[in-house]
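The same chain A turns up in both complexes below, where it pairs with chain B and then with chain C.
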Partner chain A sequence: MATSEAQQEGFTMPELEYLAQCEDVTIVPLHRMERLELVRGAVGPFRPPQKTQVPLWLAVMLKRANRCRIVAPAWLGADHLRALCREEDAPDALFTRLPPHYLEIAHALLAVAEDDLADAQAVRRLLQDLRETRQTKTREGLKLLNSLQLQMDNLSAAEINEIRPLFGRSFDMLRRLDALAATAADRAHRGSQLGPADDSQYADDADDDDFAYAR
Partner chain B sequence: MAGAYYDIDDILAAQERVPCVLQVDLDGLGSAGSGGASKVHRNARWALPLWMADGLNEEDFVAMEAPPVFSRRAARMYAASPESIQLRAVSQHFYQLGLQLGDMVPDVPHVLRSMYTQRVQRIARIAQQGHNVETLDFVQSLDRTEAELLRLCQRAQGAIAAWQQGRAYALRRAPAIQ
Partner chain C sequence: METADPHADVAMDVEERAEAETGSEAESSVGDDAEDDDLSVLMRAWVNERGAPELLEYEGAALENLMELVEFQTQRIASQPAVVANILRMDVDRVKYLVRSYLRARLAKIERHTAHYLGSPEHRARLSQNELDYAQGFAALEERHLRRSFLDQLDPHLRRLDETAAEGMDMVPRPDLDAAVFCRVRATVGEFQFDASEDPIVMRRNNIFITRYSIVRSLLADGKVELI
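Moving on, here comes the complex of A and B:
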């Protein structure tokens, strides 16, 4: 197969990073520039010191060329992150709200626009804390594993990707075991003189159950 | 017997032997069974691979029985301490085998299910925290399904860290232009 094993199991991190490049960030241009017609739509015109929304990849490019200043998103401030950390640490707390690509955006901004972030060192440290807390929580969440659903709100794309193989595989196995239990019970109910049940039939039943739940 | 046609683990699991009781007299097949006699009588016990036993069972040549690893006694053992069972020693394809003949013994799916749920959590913990001397026994007791799961989880867990350190990119500068 042409795709690598890592790609078969979900996204790779560079792929997720690529997706995150399309998220909008706010910049303050440092030079006048006309509107840019991009495939996804037009951005600009750039009139300093007017703030503009541009995709992350463009912001990174302009920043590298020293043509803009990136306005750090509100959630990437040290104070906000500190509050999130506290919230996240509280017992029985759900996952805190963060953009689905927060790790990737933070990574990109910390790499090119460190000077635009207030207290970049603290931000870096807090992000790491936050991630570790969330990781522990994800693991706790897996205790609720069953064959129907697993609910963890506000998990980011990279974090979902991290548990994807575990969740996907075990979900599959549990579903198969449940279907088997259903046939075994069914057969015990009908009496053992009957032949083996039609396999395709119980697979359909299991799918119907999942579907009904999802609705 | 339900299995995925192309799944190699499914195929390998079908190689596991299950005890069977012969239902007919067979002439000249003594060498295939346990005895050396040229004739095998009905009610002789044979351990046949699952793929063969299943077919012969359908045709009523043999009566298939639940293998000892799925007996009631074994089930009690699995329920008592799911994390300390040496599954690899019991069977390399324990879950696959269970899936293929689990509906022969009514309790098996439930036993397997609770066992799997508990062991998967331990696997998740090991994947996140890395394994050490304490977890060594457990890691060595995993059957193939679980070992594969652990490997995939470890890879997925490492992905974010590797990316943050800039090791995740497939494109590298060629040695010639370095």
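Moving on, here comes the complex of A and C:
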């Protein structure tokens, strides 16, 4: 098989991490280095203590080699997260705005650059709170699902991937039920128009379509 | 509570700035120009391909350009100092991973609905030459297997694999174009009618919807939305 079963159902965790690692983060280089010509274009030059933007994978690599410090993005500050938690918790609040790959980026930074984050413990706890609040809201959202569309702004890539199997299948099931109901209504309508003369055909149909008629 | 308030102010400030930034982005109605390099094109194509129930247009040009770049970079690595060489190697490996994942996502669809994609010139046009060869080889293998295992023992009129009867009955498995997809709006679309019987909904940049693939199919082809 060209793709695994898990891959047919959405993205795997490593794939989401791969996508997140393409996002830019700001670093402060600790060693001088010339501009780097990457496939996506040039990054650098690296002149301590001048900040520069690099993709997350490179930041992680440099950080592991102790060649840079990572500047925590503004949204990953404890104060900002605390405000988001409050906002997220407010009654009828929509999803608060976060980068599409916020979970993966936060996870990577907490793993390799904990020392570059102010109050990493609090950040970790707040992220967990935020995530749980958002999960509860997403589950509530399932009630609103119909067979046409549902808007869910600001959900992140990982959050969408998490609900994809459940929401996708529910959506498809609703669609099939709607189609079935429409056929049933259509037949009932046609039946009444044609009148009793067509009764025999109507009775035949009822056999193989009992699900639709049972409603 | 009082100590928390100044924090909230700072946070609100960050939020407002983010708001202002995205606000100005939203004004440019064309998708982000910065994301139109080959790597971004292929990255988006991969994610779209994984989300869409049917095979999408083949991004041959972006893929070939990238493979050329990979070749060029690989030759350059040898002459670089160790630190730089490691970084460039990682960079090249990441691009190769993307290319492989993209091609695999397409092959998976071709294997699942081989007869469908080989069946019409319009669908064939979406396949690269390599994919077409693969699909034909795959279809031939499958057919031979089915014939040997049981089809040849059936009456001749029951041996066909691509019969289409009246009443819309069709032997060829086809992708479900109404399948659920998650999409994000890339360039403001404006009012959009999801269904003839419903009120239109305004689609703004960065809005996210779950909907039927068939509804956003043309928006996806125009690059107005991306699947996620």
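Rule of thumb we're sticking to: the second predicted complex is superposed on the first by the 189 of 215 C-alpha atoms of A that agree within 3 Å, B and C clash if a C-alpha of one lies under 4 Å from a C-alpha of the other, contacts with A are read in each partner's own complex, and residues count from 1 in each chain.
Keep this in mind: contacts are C-beta pairs under 8 Å (C-beta built on N, C-alpha and C of every residue); 3 or more make two chains touch, one makes a residue touch a chain.
All of these numbers come straight from a predicted model, not from anything done at the bench.
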Fit or clash - chain C, chain B, common chain A: fit
Which superposed partner A:D178 touches (first chain B, second chain C, both, neither): first
Partner chain(s) touched by A:L36 [first = chain B, second = chain C, both, neither]: second
Chain B versus chain C as contact partner of A:A93, first or second or both or neither: neither
Which of chain B and chain C A:Q149 touches, first, second, both or neither: second
Larger contact residue set on chain A - chain B or chain C: C
Contacts of A:A118 with chain B and chain C, given as first, second, both or neither: neither
First (chain B), second (chain C), both or neither touched by A:T3: second
Minimum C-alpha separation between chain B and chain C after superposing on chain A, in Å: 7
Touching both chain C and chain B, counted on chain A across the two superposed complexes: 10, 145, 164, 169
Complex interface listing, chain A residues touching chain B: 5-6, 9-10, 12-14, 17, 103, 107, 131, 135, 139, 142-143, 145, 158, 161-166, 169-170, 173-174, 176-178, 180-181, 183-185, 187-188, 196-197, 199
Residues of chain A that touch chain C when the two form their complex: 1-3, 7-8, 10-11, 15, 18-19, 21-22, 33, 36-41, 57-58, 61, 65, 67, 74-75, 77, 79-80, 82-84, 86, 97, 100, 145, 148-155, 157, 160, 164, 167-169, 171-172, 175
Complex contact set, residues of chain B against chain A: 1-2, 95, 98-99, 102-103, 105-106, 108-110, 112-113, 116-117, 120-121, 123-125, 127-128, 145, 148-149, 152-153, 155-157, 159-160, 162-164, 168-170
Chain C residues within the chain A interface of the complex: 4, 7-8, 10-12, 14-15, 18-19, 22, 37, 39-40, 43, 47, 50, 66, 69-70, 73, 76, 83-84, 86-88, 90-92, 94-95, 97-98, 101, 104-108, 111, 176, 178-180, 182, 184, 194-195, 198, 201, 206-212, 215, 228
